[in-house]
Every structure is written in structure tokens, then in C-alpha cells.
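Next up, some structures in C-alpha cells.
Two complexes are shown next, each including chain A; its partner changes from chain B in the first to chain C in the second.
== the complex of A and B ==
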């Protein structure tokens, strides 16, 4: 019966459009999705795939940083800043698959189910697929008191304390809404884990097939709410999306140049000229709001002296560093908040390169003969640090000039993070990418500490400065943007003066896009969407 | 029949026979042209490694910041000062290759020395005594051999921590069973020969029998294996360096240079090509030389 319907459909399609060629959008991905539920991961590749399938309550404007409505049409904040009430969009259809056909459109039950699963360890779905919700746990768990249904299309989120970045956080791809009805159906069928393996979303594309580590195939979901309301940017315009997985950047670029994929993600920055020389592929450059930093460990004696830290900052030829490490696509800055984001202190530059002054400062601090230390180099390629080892070699050479003898240390990435967070790095590279457009994220996660002296998990140097904390706390608790900008400027100035970290900068990223692809706008925050994209 | 030269203690060799044996060996070796070329290349490498500070045009770790990724001199944008071009940090590739020869040869030499010493000791003890000693030692060797060699080296380096010395120790441990097996087989073969029995009856101690009487007659296959392991060691060290577990920066080790340059394979192919060629040439030369040694030292092949 099913087969017959399929054949009929195929025949009808063939009859209705005899001359038109099927538009297939091929994308070369750098890794495989590890799950099909965005709640369960903070991996960017997985987010890219799932961003096509799921929607959140709010989203980030395409290619920009403004928050715009998605599944929620509007929202209100209570006077005390503790309750956010979302008015949900009506008539949003869920996708279907072989084992599930939705009986009702999206409503408040789905939102409550989605968040309840992550908040409440008693929830029947909490332990399904491991019970680890990295993004939710890191960004919301401590602040969110409850999520309640007011009526079928109204949901209220109550916070434990005011949180300026709350709406921004809600735009995070990991907080996509899942279907409560689908979850119940799978629970009844005795296969609750199917919720996380066979995705049902409201987005422009649905999963057709996944071949482990080789390929993800998506089909357009014609009934998606974006298409219903006539929003072209949320409407699938191609007949299929094929995501081919190749781990090596050079291979991905070769496939893009050969036309095997129309969009090639994350080519080597060094290959920009190769892409530009090609007639069929363009290098689309996108700013990435990320910050790479070199943290001084305050448990090490020399680094407790501001003069030593400033001297080491002045000993690095930052212009050369940014040029070499970011292949000419980096930005020279001394501000912790990157230029791609509001709140950046664009007037703060890096410390001026001056080895003589550095030597003088070191001598003044009692280290005229220099000292020995370690620089930890991150072992993976990130937008804020494409090649940690090479960066460390530059720093090694620069610091050798002022008498500081550096040995370079590195570990496998997971172990590196663990050891660095345990405070083992004497001078450690660390950094992060903004997940949502609010400048608080990186300074909060990498530089603040609690009143009891315990530091934020990514504050690997254990820097603790009362004035900085005060400014950050104040900026985080008010919602007036101009006031917040002023406070973040002040915070960045403190970081620049105290030099707990040397800001290394960050780079733009490039995407290899075939000239036949129209309308592809790489996202600055979160993942890029393939809806609204056409192939000629 | 045993060669009379090996019957006499090594302390007082008969000059004529030793020189004759050497001359015969050289005549055999010279017949293999590939081996001679290999030997010449190795000799050249040793010379380059010894004279590195004199030959290298620049300091291998100095970063010329106005000359990043300069192509080799014969290309249009090349500069005469950097014959083989520069890498991403502006370091002269030729100088790094020249100094890299030191590391590669050092790695080969150290690994073979450690593996050979360890392997021979274990192998001779095992083959000479036999019985349960042999069983225990050989089963341990079997366990080591059961691992893919690079994987085991990786595990060892992960335990010991990355670095050139640890990489050498790890590779030596991995290669050592081959020597042990070879030594054991030869010893078992030799220990029932008449000259050994004669020496035993004459009252030689176990140690003397093992080291003075039997070992010299087992050396030929071990020398060949040692030569071939020399190249394996260089390759393995390059592989470890490539994975970031061998030599640490800014050491100009060839494998590490190759790994650092991977991303430039399209934009600046010379950065990848020359370290790769250096490894290839060295390993090929050593292997050719090893083949020649085997032909010259193996009596069965000699007459064939």
C-alpha cells in the first residue's frame, strides 16, 4: 500500500515537472552527527545538521546578531526580571516518519516537555540516552526555576535570579523544541530512545537517512511553519540535501573544487587563495565571535606580578602573530569581547610590541635573567586558535628574546581541557566561541570568580579580581543595553590593564560555496540554515 | 663447518684471516650496486649531520618574519637566501633538514643500540638455557609482537609522555622482540655444534660459551636486522612526530616538520615535499644497504 502510494507520488512528480532537474544541495561536513537530539550535545557539527530539523523558541537573525521570533511569536519580561512569558506561534506542524504521525500542531505541552526532560531527574525521559545535557547544564540549569504552561499557547519561564542573557541563551541550537506527543508514542512503543535517533522537528528539513560516518540525507518538509507563513528564508527550496562527511580539510576542499559538494565547510584558512583562484567556488568569509586567550596561572610566582604579565604581553609581536596564525584573516585586538559582537571595546588594542620595555619590566620585577615556564598549546583547530602548536612556537621565539625559556606542552584535547581546568597549565591557551549574541558569555566563563574565591570552570589561571567581578555581575543583572555596553567596556579595560590573559584574537572563517548556490548565508551565531537556499 | 677465525678468542685475532674476511665481504658487498649507492648516501648523511652547524645557512629555529612561506629559490618568487624555501614561521627549510638529519640518525642509532643490546641478551639467554626460561621469555616476546608496532609505541609514549627520548625508548622496546627471536634461533642452531661442545668439554663457563663462543657466530643475521631496523626506527619516529608525540618544538625533526606542514599541501607544497623526500631517501638508502649486507653475509646467498 505504502509502496503504491510512493510510486503514484513519483509518477505524479515526474508528470508535473518533466523538464525540471531535481535540485540537490550537497554539503561537505567535517564530522558525523553524534545524536539526533540537539539537547544531548554541544558539538558544532551536530548542531549544523540538527539546525535544519529543529526550531527553538527564538532564533538569531540570519548572518547577524539580532534575536528574532521563531516558535515563540513574542515574549514579555516581568518587572523583577524573573519571569519570561512566551506567546507561542499557532498552527506549527510537526514532521512525521514511518512510526509516527502527529495528531496535533505544536503547543505549550511540547515546550514544557522539552525543558522538563532536561531539568527534572525524575522525568521519565531524563535518563534516556544518558541523561547529559551539556548546553542546558552549563548555561541554564542553575538559573531556571520552572517552566510552566499558562494556556495552550503561552509558556512562562521563571528564573532564580535576573539573567540579562536569557533570551540570547534561548536562541541556542541545543534548546530546540521536541514533540511531547512523539515522545509519548515512542515511550508507549517501548522504544523511548527513538526520540533521539529518529528526529521529529518543526524545521524546514526532515531526516531521510543517515549512514554512519558517511552521509546524512535530508528531505524538505513542505509543511514547515516558515513556508506556511510565506517566509522564504524559512522555506526549503531544494528537493534534497545530502551531507557528505569527510574529516580532512584538504579533502573537503578538493571535493568542493571538483563540484562533489556545493558547500564545503571549514577549509584550511591557508587555502583561501586556492578557492579564490577557482572559477566555480567562492570563499565566503564570515566573522566568528570567538576569543582566544593565553592565561597566566596565578599559582605561579612570577605571574602574580602585574609587571611580569605586562612584560610578556609586550614581548609578543602580535601583528606577526595574528598574520601567521590566522592566515591573514584575524583581527588585531586587545578586547576580550570580539569585534563581531556588540559591547566590544574597539579602542583597546593589544599591548604594544616592545621587547626593550619588556626586559626593563622583567628586571624591575626581579627577573632580569628571565625564568623558565611552560606554554600549553591546544591540540585542535578552532576559530580562535587554528594551530596552537605553531602559535606556541611563535611565543616561544618571542619570549626567548626577553630571556624567558619556554617549553611547549600539549595533550589530547579532552585531557587538555581537564588538566587545564585543574590548574596545571603554567601559561595556557584557552578560548571559546560565542553561542549566542550576548557579550557576557566569554568574560563570565573564562575570567570571573565567586565571592568564596572559587573560579569559573574555564578560568584556568585562577585570576580573581573583585572590581572585575563587580562590573560583570552588575552588567549581567540589568537589561538596558547602553548601560551594559558601558560596563562591558570597563570590564575589558580592567582585563587589559591587569593582563590576567593575553588576548590573542580570533579569526574569520571561510566556507567554500559553489557559484551555482544562491542565498547561502553562513551564520555568525549558532548554525547556518539551508532553507531559502537554491541551486541553479 | 665453523670458520676457524671465530674459533679463536676475539682478543687476539689472527691478522691475516680477519683482513681476508673483510676483503671477501667487501668484494661481495661491492657486487650489489644498489647497496653501494645506499652506503654512499648514508655516508653523505652522516657527514651532513656531523657538519650541520657549518653547512646550514641559517639557525634552524630562527624565524624570519619578513619571509614567511617563501618558495624554493628556483621558483619565480623564491629568494636565494632560502634555497629550499621557508615554512609558515619563516624558518629556513634547508637548515632544518640539515639539522633534522642529526635527529634522524641519532634516533636510528639509539633505537638500534638499545633494541640490539636488549634483544641479544634476552635471545641468547633464552636460546642457550632453553626449558622454562625460554618458554617464559618467548611468550612475553609473542605478546609484544601481537600488537601492531606503531600502536604499541603510541601507548608507550602516552604512558611515558611525549618527547624524543621517550619516543626512542618506546620504539626500541617495540623492535626488540625481533632481535630476541633472531638471536635465540641462531643460538639454538649453534649450541649443538662440535666447536661449542669442544669448548664446553674444555671447561668454558656458561657466560664464556654464550658470549665468546656462540655469539660471534650469530652476528651476521643480527647485523642485517639491525640495519633494516634502523630505517624502521626512523620511520616510526617520524610517524610519532607526525602524531605530535615525538620530538617537541622547535626541534627540526623530519616527521614533525611534515606534520606541521600538512595544511599547506595545496598552497605551499614545498614545505611538505622536502621533509618527505628526506625521509624517503634516507630510508631507501638504509634499506638498500641492508639488502647488500644480507647478501654479502649470508653464506647460502653468497654461493648462489
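== the complex of A and C ==
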């Protein structure tokens, strides 16, 4: 009877009108976090969630591209550029959960543990969650010799060769610091995987609950170091953050318009006008440091001739292309380094649209009757290419004008990546988003090759140019920024002149933000911070 | 009846093994692998790629991988997701109640709409009611779910503001999952307005997902009823002076139900297919969306484990349907 009465009471309450609500910041995400340890993923959505929980040694300034101290207060580089010594912040508290209460603040042991786990296959945690650390593997694994504790609050990172982008790389969200004490406690309890499933960080928010694929709920961590030092931008200002997972962009926008979420990430660019017409939601536009490219395959005979590549670049009406594909929010550029990033060659534009000149060049190269080729269209929407199919159709129409007959090819994303990397794409779209504010990333990953002729993983056209490689290597090994800018300019000029790729551009992104939200600044690099954000 | 049941069960065992092979093989014949996908456009050096493939055991011959999968399966281990690192069985138990809740509401709605519509259309043959209801059924059957779902959201949530856009409950409520069924958990939570919010969130996805099954049930029950209504025993019942309600309800309907029950059973399978789209549109954290996401990430353990369990569920539902035939029509079990 008692149980029945309880159920009746509960039901009556549950059926009644909602109670008064606390200040809750609701965010509609485009996907679910893949894990709760940033080391295990390079997925952007996961980085957005975990960026609220974990801190790295350094971070990117809010809404900008400058590197600023985070868990490290300062750092020094040795003369030879091989050793980076970080002075760590003192008195930084760790979060706690039901199974762990920290006994000490953050120190050098935590930093050593974090990196040791990823770099040493003998580490007891190395294989706990599969042993795949995508960002570390791609950016640091081949160049990090050791991470040593100098004293409780000093750590030294030693590289095998100088790496100008090292500090920028360290700002990547995947290199957030995890607690050595927590890891040991979980290992002792026989549940080491909990380190990766139930996060303990030093950031402004801590995980309250994750309902798989539905919702992430974060609570403010009052003891976070940002709050302790009085930094409002690193202090949680709301009672809770609820992130709802909503895969479809149109639905996310409807949720934002209906007030179900106060921040709606990545609406379709084409919906900007709908947002602007709303009284309650604003479209916040943010530059995205990304580059989309059309790679020529150097195994194909016509593309071995620079005149053919230049002709095809001049045959595309790039102004029209950028306007249509990026819904009026794109950048018309011929530079591989995007305008949102230092080191961009702002004076290098796209090749001038000139179909007559294109025909002349093709004739000069022996293709006066044109030829047949394929253009591969990426099947997914990316900031550097929101609509691959449409883009391929525009290119098809433009190249038809100069006699080049294009078939459009596309595959499901996994297959696309595999086939493109295997060199099957005659002309393939590929591109990337910068993970950290250093211009080296995309030129290195997409255009360089090794002395033995083997190309970088994303160099799908197999272009290999000695001068370009020399310039990139030199720019990557010195720390003087002005000199690096000059070298990257030269590298971009080589790409423009040689045309191994046609730079298609990139676009800004928009975020639907409710007018009741104050202080939300979408990040250009890494994850946007929800600390310092208030709801009126 | 027992022998009938045994006969049905005997067919299930080889079917189950067949499914393990299909589930295992299906995701592996797709080009691309999980390690490459995790690296995305950034890529990995071939050496590190090979090292990671070996670490996960993906470099072993397929038959060896299959045998170890089968071995784990017999120990009740469906494996661990390569992406989330959570046990597949645990994730399945999280997602299944969401799909089950949506599926049950959908089927109830589809039967409540489809069956009376079909029966009435048959009884009122040639009338404007039959014309309209069967035209509506044809439209419902042909409706592209994704488009239909978005249209409903834009109309009822966006323009009219009657229903929430998506999700299972308002983001303002938080309570731990007890059963995984939001309607029950919201009642148990005792939080003001929670149950109401859960019901409101269920309306649109159920209506969208029920559209096709309701149409199929309506069309099937109409044709089954038309056939039965022309039988001699119905004429006899009418001749005895029974009222139309008794003739249709007691004599005709029960005999017309067999093909209708078959169709309802088959709809459970296609409900899973529809759920993939509905769950994506309505941010409904269920099985369909889980499997599709896992296929695109080549998360082998999730795909093979998830497909296996879904196939098992469909098989069990069809077994129940077979048993229901026997209950509805005793001639079947003696046949």
C-alpha cells in the first residue's frame, strides 16, 4: 500500500507542471563523445565536451589563435631546440567522483604519466583502451624522445629533432593531462578502464552523467584553478551544462529556434537567413582554419604537365564556385594556409579565370581535343567542403568548356579515404582542418614527401617537389616566427606555381546562439569554452 | 503444440549461425578499416597503421578472427567497442529500451489506426470512406520517412509549437535510468512535469514511424476482410439474423486476422529499418542509430554484436507470431 501511495504521489508530481529551473546552459551537439579520455580520439565533438573537463599544459586563447599558459605557467626552449622545459602551475585541484577523491594537487607526475602512457607500449595503461592515441601518433610519436620529471613542478620534453610547431601541438585538446593518482587507484581497484570512462580533470566542469548517445550533463567544478586565480573566463558561471546529441543539422537548428538548446552547433550554412530572421537566436560567425583542395594525381600522364594543371585551375570560375559552395561565407584564396591563420600568403589569389588561356595551355601541352578524367567528390560535409557533389558538378561544367570530359566519382567515406590514399583518384577532393595554430600542419600532411619518394599520409596525388620539401623542413625546424612566415610564403608560392592542387577555399562556420546567452565565443582552434558563459 | 514449437526452434539454430557469419562478414567486406577512419583525413604512416592493426588482431586470417568471435560469443561476450571502449552488451542494454519504447508505441498506434481503417474500408466497400482511407494508406506507404519526419517537426514543433523538436525528454529534467523506459522512469522520478514531457516527446517520432506500418496493416486487413466477408460462413451468420457488428467482430475478423498478424510480425523487422531514420531525425538514442554510426566508423564488435542481437529479436518476434497463428487458428498446429 505504501509503495502504491508513493507511486501515486510520484505520478501526480510527474504529471504536474514543471518546477522553477536552475540556470542551465543547454548545447545541441552534432554527435556523441566517443570516449572520456581525450588521448583516445581526435574527434572534434569529443574534444568539445572534454575541453570543458580537462586542461592541457598550454591552450589557445579564447576565440583567437595565440598560445597561452594553462597547466604550465611558462616554458623554455633549449638552444638546440630539442628540449622544452615547462614550469607547472601549483595548487591546481583535481576533480573527484564516487570512486576517487584526490589526495594531492596536480604535479609533474601527472604530466609524465599522461605522456608515458601514450609513448611507451610497456606502460601498464598503454593497452587499457586499445592502445590507439590518434593525435599523439600523428603529431608527436615519431619525434618525442622522452618526458622527464625535473622536480615536482618542472617537466622536460626532449625531441629527436627540432619541431617549431611543438608548443602549438601541445595546445591540442587530445593532449589534456590526466591524473596519475586516479589511474593508480583504478588500477588497484581492478578497473583501469574507468580512467577513460569516468573522467577526472582540472577544468571548469566535471561530468555528472552521460546517457549514451543522448545527453552529457556537466556540473561546475568550483575548485577549478581558473576560479581560484579569479580568471572569470575560466570560471564556471552556470548551475549545469546539458549537451543534447542531435545528429541532423536541420533538427539541431529547430531545437535552437524552439529554445530547447541555447547553443546549437553547426547549423547548415544555408540556414543563416533563417537564424537571422529569428528574434531569439543569433548566428555567430566564426572563421574556420581549414583548406579544401583538388589534388591532381601525378601517376596520370596529363597531370604530369604543369601546363595542364594550370589550365584546369584557370578553367574554374572560382568566384562563382566559392559563392555557391560556401553559401556566401567562403574565402577566395589561392593560398594553402587559410586566412584565419598566421603565415597565410594573403597576396596569393586563385588562378585568374580564363577559359581561353586554359584552352591555349591545353593545346600547347598536346591536349587540344581535351581528354577524359574523373573528379572525386567527398561524400561528407566538412567546413572545407560542405557539398562535395555540388562542387564536383560545378567543376565538371567548367572543365567541359575547355574540352575536358569529367565523370564524377564518389564513395562512402571510409572507402573514399582508403581508395584516395591508394592513389586511385585521378583528381580528388581532400582537405583538412587545423588542429592547432601553426601553419605547418596542412602543407606537411597533404603535400610533402620523404627523401625516398614516399609521400605524406594525405598527399593523395603523390606530388613530390624537392624545393617545397626543403622549405617546409626548414620552416619546421626554426622558432623565429618572421623567418617562418617568409618560408611558408615561399612554400605557398611553389604550390601556386606548380599547381599540384587547386585550392578550393574554406568557409566560416556559424553557431546558433540564443540571445539569453552571454559571453559565448566559438573557438577558432580547439574547443569553445563554456566557462565564463552566463544565461540571463 | 509442443512438437510444433520444437520444429520452429530447430529452424532457429542454423539461422542463428548463419546470422553470426553474415554479421561478422558484412562489416569486414566493406572497404576501409577502423584504424584508418579514426585517423581521418590526417592519416597515419603505413608502419603505425600496421602496428595498430596487429594490436587489435585485425591482421589475423578472417577464419581465426571469426572463431575467436564465436568463442567469445558462447561465453556471453559480445566484445568491446573500438571507438567508445565500452562493452557492446552494456551499450545494447542502454539503447534497446529506447528503441523498444518507441517500437511498442509505434506498433500500438499503427494497429489502432490501421486495423479499424482496413476493416471499415472492407465493410464499406465502394464508399467514399474506402476511397479516402485507401488513398491515404497508399500515400502513407510511399512516404519518405526522413522528409516526413522533418516536415512534421517544422509544422508541429517549429510553426505550431505543440510538440518538442526531438530527444526523449526535456533537457531540464535529470534522473538516473532505472528501467531505460522513459515513460516509466519519468513516473518513478517524481519530478514535476517529467512524465508529461516524456509523453510529448514520444508523440512525433511514434506518428512518423507508425505511418508505414499503419498503411500496410490497413491495406492488408482490408483485403483479408474482403476475402472473408465473401465466405459462406459469413453469409450463414448474416442469414441467422446476427447484427453487422457481431458478424464482422466475432466471425469475420478472427478469420481475417491471420494474414494481418503475419504482416504485423514482419513489420517489426521493417520497424528496425525505419527506426534508423526516425532515431536520427528525432535524436532518439536507440539501436538503429547506434548500428548505423558504428558501420560508418567500422566499429566491428558493435556491428557484429548489434546485428546479431537485433536479428535474434526479430527471430523471436517471428516465432511468437508463428505461435500466435496456432492460437488463432488451431488447424495450423495440426497441419
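List of remarks:
Rule of thumb we're sticking to: the second predicted complex is superposed on the first by the 515 of 536 C-alpha atoms of A that agree within 3 Å, B and C clash if a C-alpha of one lies under 4 Å from a C-alpha of the other, contacts with A are read in each partner's own complex, and residues count from 1 in each chain.
Basically, a contact is a pair of C-beta atoms (placed from the backbone, for glycine too) under 8 Å apart; a residue touches a chain by one contact, two chains touch by 3 or more.
Keep in mind that this is a model prediction, so the values were computed, not measured.
Overlay on chain A: chain B and chain C fit together in the combined arrangement. In the superposition on chain A, A:78 contacts neither chain B nor chain C. Of the two partner chains, neither chain B nor chain C is touched by A:160. When both complexes are overlaid on chain A, the residue A:389 reaches chain B alone and has no touch with chain C.
Taking chain A as the reference, the larger set of touched residues comes from C, when chain B and chain C are compared. When the two complexes are overlaid on their common chain A, residue A:479 makes contact with neither chain B nor chain C. In the superposition on chain A, A:26 makes contact with chain C only, while chain B stays out of contact range.
Residue contacts after overlaying the shared chain place A:250 against chain B and chain C alike.
In the superposed model, A:99 lies in contact with neither chain B nor chain C.
Contacts of A:304 after superposition on the shared chain: neither chain B nor chain C is touched. In the superposed model, A:211 lies in contact with chain C only, and not with chain B.
Between chain B and chain C in the chain A overlay, the least Cα distance found is 6 Å.
Within chain A, the residues touching chain B in one complex and chain C in the other are 250.
Here chain A touches chain B in the complex through residues 249-250, 253, 268, 270-271, 273-274, 317, 320, 323-324, 379, 387, 389-390, 392-394, 396-397, 407-408, 410, going by the rule given at the top. Residue ranges of chain B in contact with chain A, taken from their complex: 61-63, 65, 68, 88-89, 162, 244, 248-250, 260, 262-268. Chain A makes touch with chain C in their complex at residues 7, 9-11, 13-19, 21, 24, 26, 34-35, 40-42, 127, 129-132, 134, 137-138, 141-142, 193, 196-197, 208-209, 211-215, 217, 242, 244-248, 250-251, 254-255, 257-258, 260-261, 411-415, 417-419, 421, 430-432, 445, 456-458. Within the complex formed with chain A, the residues of chain C that make contact are 30-33, 35-45, 48, 52, 55-56, 82-86, 91, 94-95, 98, 150, 153-154, 157-158, 161, 164-168, 170-172, 174, 176-177, 186-197, 280-283, 285, 289-290, 296, 298.
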